[in-house]
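Which chain is which? They are A, B, C and D, in the order written, and residues in each are numbered from 1.
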Amino acid sequence: MTLFDVSPRTADLHARLTKFMADHIYPNEAEFARQVQEGDRWAHVQLIEDLKPKARAEGLWNLFLPLESDPKGQFGAGLSNLEYAPLCEVMGRVWWAPEIFNCNAPDTGNMEVLARYGTPEQQEQWLKPLLNGEIRSGFSMTEPDVASSDATNIQASIVRDGDDYVINGEKWWTSGAGDSRCKILIFMGKTDPDAERHVQQSMILVPMDTAGVSIDRALTVFGYDDAPHGHMQMTFKDVRVPAANLLLGEGRGFEIAQGRLGPGRIHHCMRLIGQAERALELMVARAASRVAFGKPLAAHQHVQELIAQSRMEIDQARLLTLRAAHMMDTVGNKAAKGEIAAIKVVAPNVALKVIDRAIQVFGGAGVCQDTPLAMMYAQARTLRLADGPDIVHIGTVAKEELRRQGVDLRAKRSTPAAQK
Amino acid sequence: MTLFDVSPRTADLHARLTKFMADHIYPNEAEFARQVQEGDRWAHVQLIEDLKPKARAEGLWNLFLPLESDPKGQFGAGLSNLEYAPLCEVMGRVWWAPEIFNCNAPDTGNMEVLARYGTPEQQEQWLKPLLNGEIRSGFSMTEPDVASSDATNIQASIVRDGDDYVINGEKWWTSGAGDSRCKILIFMGKTDPDAERHVQQSMILVPMDTAGVSIDRALTVFGYDDAPHGHMQMTFKDVRVPAANLLLGEGRGFEIAQGRLGPGRIHHCMRLIGQAERALELMVARAASRVAFGKPLAAHQHVQELIAQSRMEIDQARLLTLRAAHMMDTVGNKAAKGEIAAIKVVAPNVALKVIDRAIQVFGGAGVCQDTPLAMMYAQARTLRLADGPDIVHIGTVAKEELRRQGVDLRAKRSTPAAQK
Amino acid sequence: MTLFDVSPRTADLHARLTKFMADHIYPNEAEFARQVQEGDRWAHVQLIEDLKPKARAEGLWNLFLPLESDPKGQFGAGLSNLEYAPLCEVMGRVWWAPEIFNCNAPDTGNMEVLARYGTPEQQEQWLKPLLNGEIRSGFSMTEPDVASSDATNIQASIVRDGDDYVINGEKWWTSGAGDSRCKILIFMGKTDPDAERHVQQSMILVPMDTAGVSIDRALTVFGYDDAPHGHMQMTFKDVRVPAANLLLGEGRGFEIAQGRLGPGRIHHCMRLIGQAERALELMVARAASRVAFGKPLAAHQHVQELIAQSRMEIDQARLLTLRAAHMMDTVGNKAAKGEIAAIKVVAPNVALKVIDRAIQVFGGAGVCQDTPLAMMYAQARTLRLADGPDIVHIGTVAKEELRRQGVDLRAKRSTPAAQK
Amino acid sequence: MTLFDVSPRTADLHARLTKFMADHIYPNEAEFARQVQEGDRWAHVQLIEDLKPKARAEGLWNLFLPLESDPKGQFGAGLSNLEYAPLCEVMGRVWWAPEIFNCNAPDTGNMEVLARYGTPEQQEQWLKPLLNGEIRSGFSMTEPDVASSDATNIQASIVRDGDDYVINGEKWWTSGAGDSRCKILIFMGKTDPDAERHVQQSMILVPMDTAGVSIDRALTVFGYDDAPHGHMQMTFKDVRVPAANLLLGEGRGFEIAQGRLGPGRIHHCMRLIGQAERALELMVARAASRVAFGKPLAAHQHVQELIAQSRMEIDQARLLTLRAAHMMDTVGNKAAKGEIAAIKVVAPNVALKVIDRAIQVFGGAGVCQDTPLAMMYAQARTLRLADGPDIVHIGTVAKEELRRQGVDLRAKRSTPAAQK
């Protein structure tokens, strides 16, 4: 199989997903917006609940869990990252679509953490209903008062007290916590602030209804609140949970985060490719139908440049992302560190460029509620920040390249492999 | 006076404006947001009404009207475009500030049209209350169903019927029409669709309360509705107004539009420079106060590059805009056509780059409601579309350059001046 | 096999080529320059002649001919485009290296034309010595007086006269014609200027020693003459060759050009990837060894950005090129038209960016004769022009995308596939 | 007077210079190339010597020396930097033209150093013949073995020995030293390597014919040797000169360098603007005269974009440069540090972009000897390195901006002025 060929199973799923999107998602975009606008913005959306059983019935459910995290295929569909990637792209074309297939962030990452590191009890209590799409979850890591790109800055504390842990801290950008169906959070904080840099942190499960957990406000993204999902600022004040809620062990928060981030990033990137691809389709359709100065926009050389640049950038970003997926499948997330960092930079930047061009071709319709473009832009923009800003990933790519060429900056000696 | 020196009068106004912003505007940004959120979003905001008399009392009122449109200084402050530009920049630093000084779009453009082309009756009825800040106005040109970058596409009709004109059409992006104080619109439509290309159109005054005028919906810009100002989609169905409401004469709509656009663009560009300058200030402040990897962000080379690039781009964009203002003052809007087109491309693109960098330095705080950056971005983004997309202005710059070098594309002969 | 895996045969050839480069090419770069400088710049270079038999003895010879053009493997190594691509990249790392392996332009393209379209007699007379590396060849298409991006502009004439054709015209950028070993040209001109646009042209074989063939001057590329290869301006005055020298038939010049260009472009692109990769290696080595402001350049964040951006761009350009190669192998050059056009834009632009960054890291050493960077830059720059300027390929990418989405600009009707 | 108006004296000189260029320079470009190619490349060019008296007779001589360095106007024309800038731009349009007016680098900088810091004896011996254009000079600072962007890296030594200084070191990029008329060098080296960072260095006058001074080789710039001017690598071995040759005093090398660099940079930048302006003219002329796909290139939207972007960038870069000149005139070189650094980044980068576009419009003619474009590009490229690489100036701009906003990185406390 080359990258352009896909396994028969992926091809089949891809065809069925594409049809599902055409039959049930694109025609319902206005209806989704209408249902959110009506009544409680943070209540579940009936349309979502109606479509989920349909998707599940068609076998389009929980496709995300990579084999590595679920070797016996007991939780998910048993696809490799490379097999899942093109499917993730299709789902990503509409922002609220992934949930229909139970493949939406941050639930996918949280389910993967539970599948990999959860105890049987934790899996029974939280993973099972998540896999069934009965509840939703959140991930509380980022804090408002410090530069979270440097994880050692985190200030939240998780302190052992008898059979419990007591949690205190201020978190924001806990995405999904706005949803009334959100029942469980994975919380990151320091169990030992004096430990060595990478073992200060731990992750722990915090049920949303625990005393001391409160939602302070909904953050907006360029004016959007992304209801009912939402991005919440939350206070954790003397929150007490059983010690059994700790994941993997004290000081292993970083380790879990690393394991979690790889696939999560691939997913975000593939969805961004899907968004960019859709923006290009919309741009082409508009350019074909609008006339200015005597000919369709699509016949203007400038618009053709916008289309061609978009096609070239998307194709490159997709290939880079697929390569990273393939590396994760074959050499593992750790060895694919540089490749994963690269797509984290490339994918959102390409998506933003393509969406921006589409907005420009649409004119006023591009920035308002008449197309999905402005919201796509807002969401893609946050992905140059979420999981760390571009520059952090650029640093990783550079360091991996230096390492690959035998340059050791710490050792102050350098033995580059390059021939003059 | 060089560009870096300003007239004593401008220097004095600049200092007082800067103080007014510091005393009354920046400290009230959260309060403004709070008042808009409360009660009717489209009602007037008390804070605005409270600050207007203060500004007027300090002589910071109606500074915008260029001498050319108001040669006797009977309506405005009698400043040249070059003198007004640095003041406009200061006001533009906060999106709702210009109204405090009665210098906000689209009222400024509309007042200028009335000052230049209005009859004494029209001036008495509409210009006077506008100059007093008692009412607001809108400008209805763009239409949802056609590419408005090509103005011949406009479909709205203005048909003479006895002593009246009867108006029909669908308009959108009528900015300011959401405001409950908006009482009058300048409407553009075709009086003679069969006339030669540039004399098909006319402009006419339409009071908001005329029968047949209706607001269909508020358009959003990314996720913002910009209340109480707003960007409205409106239907005009058999709207009947007296023939005396016509501006300047049938077929002279283009002529008015051209006269109107020059100063309007300078204003938008100076406000964008103000926004960019403020974004840079915020970026620097954040970079100085946040620490990552052991030192303030401002000490990271990457952040220094963001700061330096922003400074270099802003300074260039400002100089280009001031030059255009100077050209308008000295050779007139028509001869300054290429210079005006150039800033229309440069200013919003520079502002977007600077604001985007500031967002990146702020991280999550940059995209949410905690800084003005995301809304700045949304507004600046529309200015790559309003008054025509970038590519239209780029075409103007190119054609002016070809003309300057003696190339006549229409004549199929070309006599370039360049020495080999 | 994915794009990232290679066939065992390619892997073996790749390893041996890499070793050959390390053993015989890199250590001889200064020697090559020395030998060119000495004596007649346009005479053969002894170093080249010495290394060719070595390469041939190791089986590193004529690897370029794709299976499609040589289905029985009678001329070349029988590799697919996808198999050849990584080998071409390695050879491309030094500009004069491909000839050592008999894989250099324009001989490869000319040999492919002869293999596909040549008669047995033509193959015996010209293809055989070319495959043996005994003679060199040139390709005369571009003309100084017209915009060659539009091939209908070509003015050279090929007129039937009895058993001969008589050729007249002015050509330039006939690369390789400077070499004293160059014995044969493929010449493009019009046999029927009044025919339909795409059948006006023919290709014909013109021995260099034919009466009326003259070299007017050597063109420089920036300040380089690329001796002994060279880029020649030539006059063809009443040049008479036997009718049997015509390739394929009158009016089939375009057809041959199309068939020739696909693989030729892939080759150029892979060599450019090789150049970019080498520039990055040099950049890293320099950054690791030079110290400024107290630490190696490689520890400066700015330099790390240069390294990371280069890595990300090269990897994307390589993947896009490999994809195009794979498409050519599986669906054919014609169906891969858009993909081939895309790499023609992407590869030289990426190479130029990477080389430019390397120059910047090297400082003065980067622009002078002490590194291969400045010459790499000059050569890569011409590849945004050769085979047509970027904008022509951008137009092809756009048109292919429009076609893919069902937009037919000529039919004035458009039925875009995009869902709203 | 605004930035766009010029003093009557400048206007007059500008008109006469423009005429001189049209009468004597543009028509002689081919002749200059011919004369250099003939005979000794490093001998003086007769054309230059013939034109110099003509220019001098017309009062177009030594216009460069700013009032600040020559307050009594005893050496030069007594123009301010702002007055000289537009003249420098005109001369810069052809690379060898400034010498005709005795306004070429590095002689201008060297004359300025002698005018400001030279003793009457030094001025009599070296400044006078330089002002008369009888001899040429060089400036030896950069060294091949260290990163010269960090001036503390300099290794050359200047050691006091009795009444002499003994000089040792290896220098390269000593521009102008190739010229047979070059008689004197200003040499920078360390008199006290153990002193505080900014007082280790001194500058000293070294006559070219001193024993121990040798030229090792001519460096090329993208294949050009820029003969007869040249960029030389030189060895200084036990070179002994009288102690009186020291400039200003031991340890004051930095101080002189700072004073020298300001005007020198403005000059380079204005010449680059001139080059860019000329490249745009050539681009327009070519676009007007070549036809592709049925219409002149100038009628293609893509080419119009190239033209418009160039116009907008050039105008901004020129305004920024004029502003820096004005700042130097009014607040001094030191206070204008940030503004000078900014143009050092902007001007060459803009010139490179414009020239590159012109090359693209010209096609093959753009990279070869048929237009001045390729050589322009090569020279402009070095100006992103000479006087320090872009990133060093970017750092200066950033630090000046931080300072302006009250951020003190060293003090670890920061009191940014920005209002939230």
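Methods note: contacts are C-beta pairs under 8 Å (C-beta built on N, C-alpha and C of every residue); 3 or more make two chains touch, one makes a residue touch a chain.
Predicted model, so just to flag it, every value in this text is computed and none were measured.
Touching chain A and chain D at once are the following chains: B, C.
The interface with the greater number of C-beta contacts, when B-C is set against A-C, is A-C. Between the Cα centres of chain C and chain D there is a gap of 38 Å.
Averaged C-alpha coordinates give centres for chain B and chain C that are 52 Å from one another.
Spacing of chain A relative to chain C, judged by their CA centroids, is 42 angstrom.
Looking at chain C, residues 300-302, 305, 391 sit in touch with two or more other chains. Contacts from chain D toward chain B in the complex involve residues 1-4, 22, 26, 29, 278, 280-282, 284-285, 287-289, 296, 298-299, 301, 304-305, 307-309, 311-312, 315-317, 319-320, 323, 326-327, 330, 338, 342, 345-346, 371, 391, 394-395, 397-399, 401-402, 405, 407, 409, 414, 416-420. Interface of chain D with chain A (complex): residues 300-302, 305. Put simply, chain D touches chain C in their complex at residues 142, 144, 146-150, 153, 172-173, 219-225, 231, 290-293, 297, 300, 302, 359-360, 363-369, 374-375, 377-378, 381-382, 384-385, 389-391.
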